[in-house]
Amino acid sequence: MKLGSFIIRRLFLMLLVLFGVSVLVFVIAKVIPADPVGAILGGNAPIDLVEDMKRRLGLDKPLMNQFIDYMSGILRGDLGTSLKSNRPVAKDIANFFPATLELSICATFLSVVIGIFLGILSAVYRNKFIDHFARVFSILGVSMPVFWTGLLLLLLFYFRLGWLPGTGRLGLFVTPPTRYTGLYLLDSLLSLNFEAFKDALAHLVLPSIVLGYSAAASIARITRSSMLDVLRQDFIRTAKAKGIGKRLVIYRHALRNALIPVVTIIGLTFGGLLEGAVLTETIFGWPGLGRYIVNSLLLLDYPAIMGGTLFVAVIYSLVNLIVDIIYAALDPRMRI
Amino acid sequence: MVEKSETTISRWKPIIEDWKHTFYLWKRTKLAMIGTFIVIGFIVMAVFAPLLAPYDPIKTNLPERLKAPSKQHLFGTDQFGRDIFSRVIYGARIEVWIIFLVTVISGVIGVAVGVTAGYFGGVIDEILMRITDIFLAFPRLILAMALSAMLGRGLTNAILAISLVEWTVIARLARAEAMKVKSQPYIEAIKAVGASNFRVLIFHVLPMCLSPVLVQLTLRMGTIILTAAGLGFLGLGAQPPTPEWGAIVSDGRSYLVQQWWISTFPGLFIAVVVLGFNLLGDGIRDILDPRLRR
Amino acid sequence: MWKKILLVTLLLATVLSFAKTPKDTLVIAANTEIFITLDPAVCYETFAAAVVTSAYSGLTKIEPVNGVLTPVPDLAEKWEVVQEGDVTVWTFYLRKGLVFANGDPLTAEDVVFSFKRVLTINKSPAWLFNELGLTKENMDQTIIAKDPLTVVLKTKPLARNIVLSIIAPPWGGVVNKKVVLANQVNNDLGEAYLTDKSEGAGPFIIVEWKRKEQVIMQSNPKYWAGEPPLKKIIIKDVPEETTQFLLVQKGDVDIAWNITTEQAAQLRETKGGNIRLVTTPEQSNEYVAMNCGWGPFKDEKVRLAIKYAIDYDAIINSVMRGFAILNQNFMPIGYFGYIELNPFKRDVQKAKQLLTEAGYPNGFEVEIITSTTDIRRNEAIIVQSNLADIGIKANIVQMPSSEMYAKYRQQGHQMIIAGWGIDYPDPDALAKPFANYRVKQLAWRNMWYDDHAADLAEKAGVELNDEKRAQMYKELQEYWITRSAFAMLYQPVGFWAVSNDVVGFERAVEGYTLTFDFTKISKK
Amino acid sequence: MERGSLLNVSGLRVIFHTYRGTIKALNGVELWLNEEERLGIVGETGCGKSVTALSIMRLIEQPGEIIDGSIIFAGHDLLKFSEDDMDKIRGKQISMIFQEPVAALNPVFKVGFQIAETISHSRGISVKDAYAEVKESLEMVGLDWQRTIDLYAHELSGGMAQRVMIAMALAVKPKLLIADEPTSALDVTIQAQILELLDKLVTVGKNAVILITHDLGIASEFCDRVAVMYAGNVIEVASSAEIFDQPLHPYTKGLIESIPVIGKSRELVGIPGVVPDLVDPPTGCRFHPRCKHVFDKCYSDLPSLTEVKPNHHVACHLYQ
């Protein structure tokens, strides 16, 4: 019951913030110095054609009217038409998001497994070799620019050694699986296209590592400090005094408590992966939302910029909301 | 347990003890020491760039283009025959400049918003915090990209864009601190004497909030470099021929397979410097951690 | 269970059989990221236009004839031109028995529909039709189907080449009226429908275009001139040049469409192996333009100084790695009326002297805008460095083309590095934008309001006598070269890495950026 | 030297490594305990009571270290046990309850589970089976089991939480119960109830008890014997009655004089000086800087705990 009203309050706040977000996005798009119509028409088009086109797109209307059009469009799920692809932005997003989702899920999985594992080891064997190793690993992870690690890994494993495929989601001559979810791994299993599964998996390795590494690093850091915090608590001493053995003390009594803040970080990391995806997707030619946003920013395709960033903000806010709810659900103390 | 006895002891020891302790902790954490040296090296590199760099970082020298690393060109040359080593060294100046400006701008905005919200509370707090939330609703890099696209390309605009993203973190911290300070009894006392809100805010609340804010700003310096380099890499940051590190990595992308050195060295420098800041930051966090101060 | 295994084996088999490019299939690795649409009424990008051109035939088509790009009969077997006062009446006679790829008969009605469609949709290609005097307002009077085999066009009096080139595909490509109207949504004249497939009568059919994946074309057995040798063309989207190069080296694809100048240079030097480098001069040019309405550039001497300051050779040799032709004229080499004019060579002394004469002995500060490609950036850096030598401090601002063109069209730049892709193979397509400010193109954008040049360009465009016309262009070029707002850097050379199994690519690519002919390609 | 039939601690030394240097927390502690006997350990904060208790449980952790001594429990030296062996002692033969009962319970598990877990481990039965006994345990400590079993720690009051802790500790029927200041975090009225409950249960269960407290009154009331600790040493051990009536060690005397007694008007006398810094403890007897009776031997020699009267041990040069 208390959890329910908590969720409702958070949802309400989120809607409020999202309204602000769409205003901000609109302002950004309107201040962008580009001439969107010029973008469609190319460099050779004379100015008269450009002016005519502007009228037809309603870009000569007062800003307030444009804003109302834009907001009512959003409410109808219409994010406008991309100037560059000439297709509805919503359709583009639907097309590109699964790629990002698949990459993010893989990267999250990788980072959670590695991060939590290292974090625990490092807390339990505090100041031992494994702890130092994990700390250096973590700090390195958050220090290395992903675009650089990405390039180097590509250079090494693709160009030099040829062990792993290069850019994209699938090899050039692998038939993409039938689309059910847009996640190639899942789709290829569903359609029994094992060749595609293998290939999609191979294509996921490098970008997931690049993307997951920094996330793993921050998860390891948080797990470690959270774990250390918990290990210092009285109830851990109680648990030890019960003589239930080190493993149970750590995995049952400490971890469960330590994971509460870690869940938050995993959520944030997942959101943060959307951010990392921008650079990673650019380097690995990954046809996802990150690259879509970068491209639309580089081309100043403003409906795509608005739609893309708005979508990302919604996802990001939703993830945060879910994290808060999980947090509340995990920690009984929060439910008062 | 035993810890309580130390608190009694530290009471008689002078404050110097505290500093000695800080220094001790710093020395004990080898990683923090390494971090400090990296950061010092980085700043020295920026300050003495003209003395350290063997070549002009901008002037093209086409006959020397795409030379592999050698004694003449430690890190090789790029497609214009510019010495990568010199460009990387001059790049340190750009990065220092970015860190400095972003820290100042985001610090000022963040503190102003945070302290105001925290001190006044109520509707003002609610409004300011919702505005902060709006900025926090975006993944940081994406917001920075959108803002720098909006402002137009170039170093200054990139700095502004990063600052507009960074201030939120500071604002939240400053707000929390201001709320803590506000509830202190002496603030009530000062108000009772008849000091205006503005006076209390500027002379009593603000100074008390500054030290955690400064610490936080230091901790974020590594992130700032990464964001700036990311923007530079995407072409949204510094414009050519400015030797910004991210931009140099991006420059070398199309030469990666044959001329790996163009991208590799500036990227390595980003990694090392950010590592330095993070190690230092980690150290600072440890040193300030009350649990470790015993 | 057995079924599953069988299925998997079959799948594996198809995948494996696909791994080497078959004999009648051409596989191209290209960056198709810039593809927007494959609709002939909208498409305006070079490579996409080549795809569109192969799927749609028009009344005429552009063919290299003895090295000169010329409009030749295609769907129209012949035409007549009559001058009626200030209107030129064109009568085109269609070949008999023409059919679309789907078997529907192709009539004059389809041609008229297609032309009107370009004007109604009014996107990028529309202005070219407007140039002919065909507009949305007058199209019912100027574009007429006289009978199923006869199309009448009423245009402004213009050199014939201009009219015949503009109505050639891509934008003059004829679409199947019936099918397109049946598939339109919200009265879009089939704009959405034709985005990723074709309904034309060209030698190929666009079967599918999966964005960021591939474009697949199939030969059209009903093509009036006979089915082309290639049965299938697959254009795979490979955004990275390095990957493209790797694929063609391994033999996974037949052609790498976008390789870097460095890779091309490498291929030129190594030779041999199973791939070759194919080059052809492009129908475009690259230039530095100065806004004559801005500060120092108001002075012709300053502009001249800059023309002398630029190191053209360095740009051609180091940025373009020799894949460019020195051509300081606005016209490509070999065009009707072209004269060779390359008066500028880097001369720092002279440039400095000109600056001093103009009153800027210590130079000035200027902003160079350019787009975000590597080549443009590299050019900008060299120009910047050249200008520094004569005391001018140039700041480079790279921006997305949309931002750049927005600024350019509003005359808001100081200096710009850009290029011009030629729209139709006639000197008019260059003289107008570069010399006639009245058409509000490049000359206007750079505020080079020179009436003498504008008059000359206008007169030459409507001159029907070839000899007189050539003379006028000669005069224009000589006048233009020292006075204009432009320093032409070079005429680019296109280059491809092509597998040795591919025959005829050299001929197919002739005239590239304006036309590309897939029918001339076959495989060993 | 076997002095107690259940537990014999001798020469126990524990140090803590800190930045300021090594804290010599325990400096050769001597303790002994018989079956069913109750021993109180009394001393000021920081004198090493809790460290002693935790040492017996072998719960001293980084940066702490047991460097010397022996802890013979039921005939075995616990310091020679492996961690796994120790887990057979903890929560089975020795149980422990702590000062902050709410914090000592895991916040994310229900009370019932935490008790059941303890039982399941001591008996080697499944947690599910152990639940059957949870009810009994809760009732034993006077809690309404139906209400309590599904609560979380934060939903309990301090008194309830301590009852849960006691239930948990005694459910395993340990030979020895160590109670580390079990009541000092509670209200005075609750304190009495808890002690009463403990008294009752221990009597019934025949458990030996070590009660750690800073309150000499509580110790002497609850326990058979009292050990006084100062700066890492046991300085005096005697029966509860004797330690009050005839304290021998100057520190114990001071301690008793500083207790206000209801109904008697007596001038409160504190002990001058402060607890020593254990990084750099005083030489010889650690109490000598504060002692009125100090003489030269006190500066150099550490007095050992000797039996000066029957069953009255003291570590002071005055009595040797």
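Letters are used for the chains, namely A, B, C and D, taken in the order the chains are written, and counting of residues starts over at 1 for each.
Following the convention adopted for this analysis, a contact is a pair of C-beta atoms (placed from the backbone, for glycine too) under 8 Å apart; a residue touches a chain by one contact, two chains touch by 3 or more.
Keep in mind the model is a prediction, meaning the values are calculated, not measured.
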Third chains touching both subunit C and subunit B: A
Chain ID, smallest distance between chain and overall C-alpha centroids: A
Greatest separation from subunit A - chain, by CA centre: D
Inter-centroid spacing, subunit C versus subunit A (mean Cα positions, whole Å): 39
Distance between the centres, which are taken as Cα means, of subunit D and subunit B, whole angstrom: 50
Centre-to-centre distance between subunit B and subunit A (centres being mean Cα positions), rounded to whole Å: 23
Separation of subunit C from subunit D, taking each centre as the mean of its C-alpha atoms, in whole Å: 91
Residue numbers of subunit C (touch at least two other chains): 242, 372, 399, 403
Multi-partner residues of subunit A (each touching 2 or more other chains): 32-33, 159, 298, 300
Sites on subunit B at which at least two other chains make contact: 152, 235, 256-257
Residues on subunit A engaged by subunit B in the complex (per definition of touch): 13, 16-18, 20-21, 24-25, 28-29, 31-33, 135-136, 139-140, 142-148, 151-152, 154-155, 159, 232, 271-272, 274-276, 278-279, 282, 293-294, 297-298, 300, 305, 309, 312-313, 316-317
Subunit C - residues contacting subunit B, complex: 241-242, 260, 262, 266, 314, 317-318, 372, 374, 377-378, 380-382, 384-385, 388, 395-399, 403
Subunit C-facing residues of subunit B, complex: 58-60, 62, 65, 79-80, 152-154, 235, 239-241, 254-258
Touch list for subunit C against partner subunit A, complex: 4, 7-8, 11-12, 14-15, 18-19, 29, 33, 36-37, 42, 44-45, 122-124, 126-127, 130, 195, 211-213, 236, 238-240, 242-243, 246-247, 252-253, 372, 399-403, 405-410, 418-421, 423, 433, 439-441, 444
Subunit D residues within the subunit A interface of the complex: 54, 57, 59, 62, 83-84, 86-92, 95-96, 98, 100, 103-109, 117-118, 121-122, 152-154, 165, 168
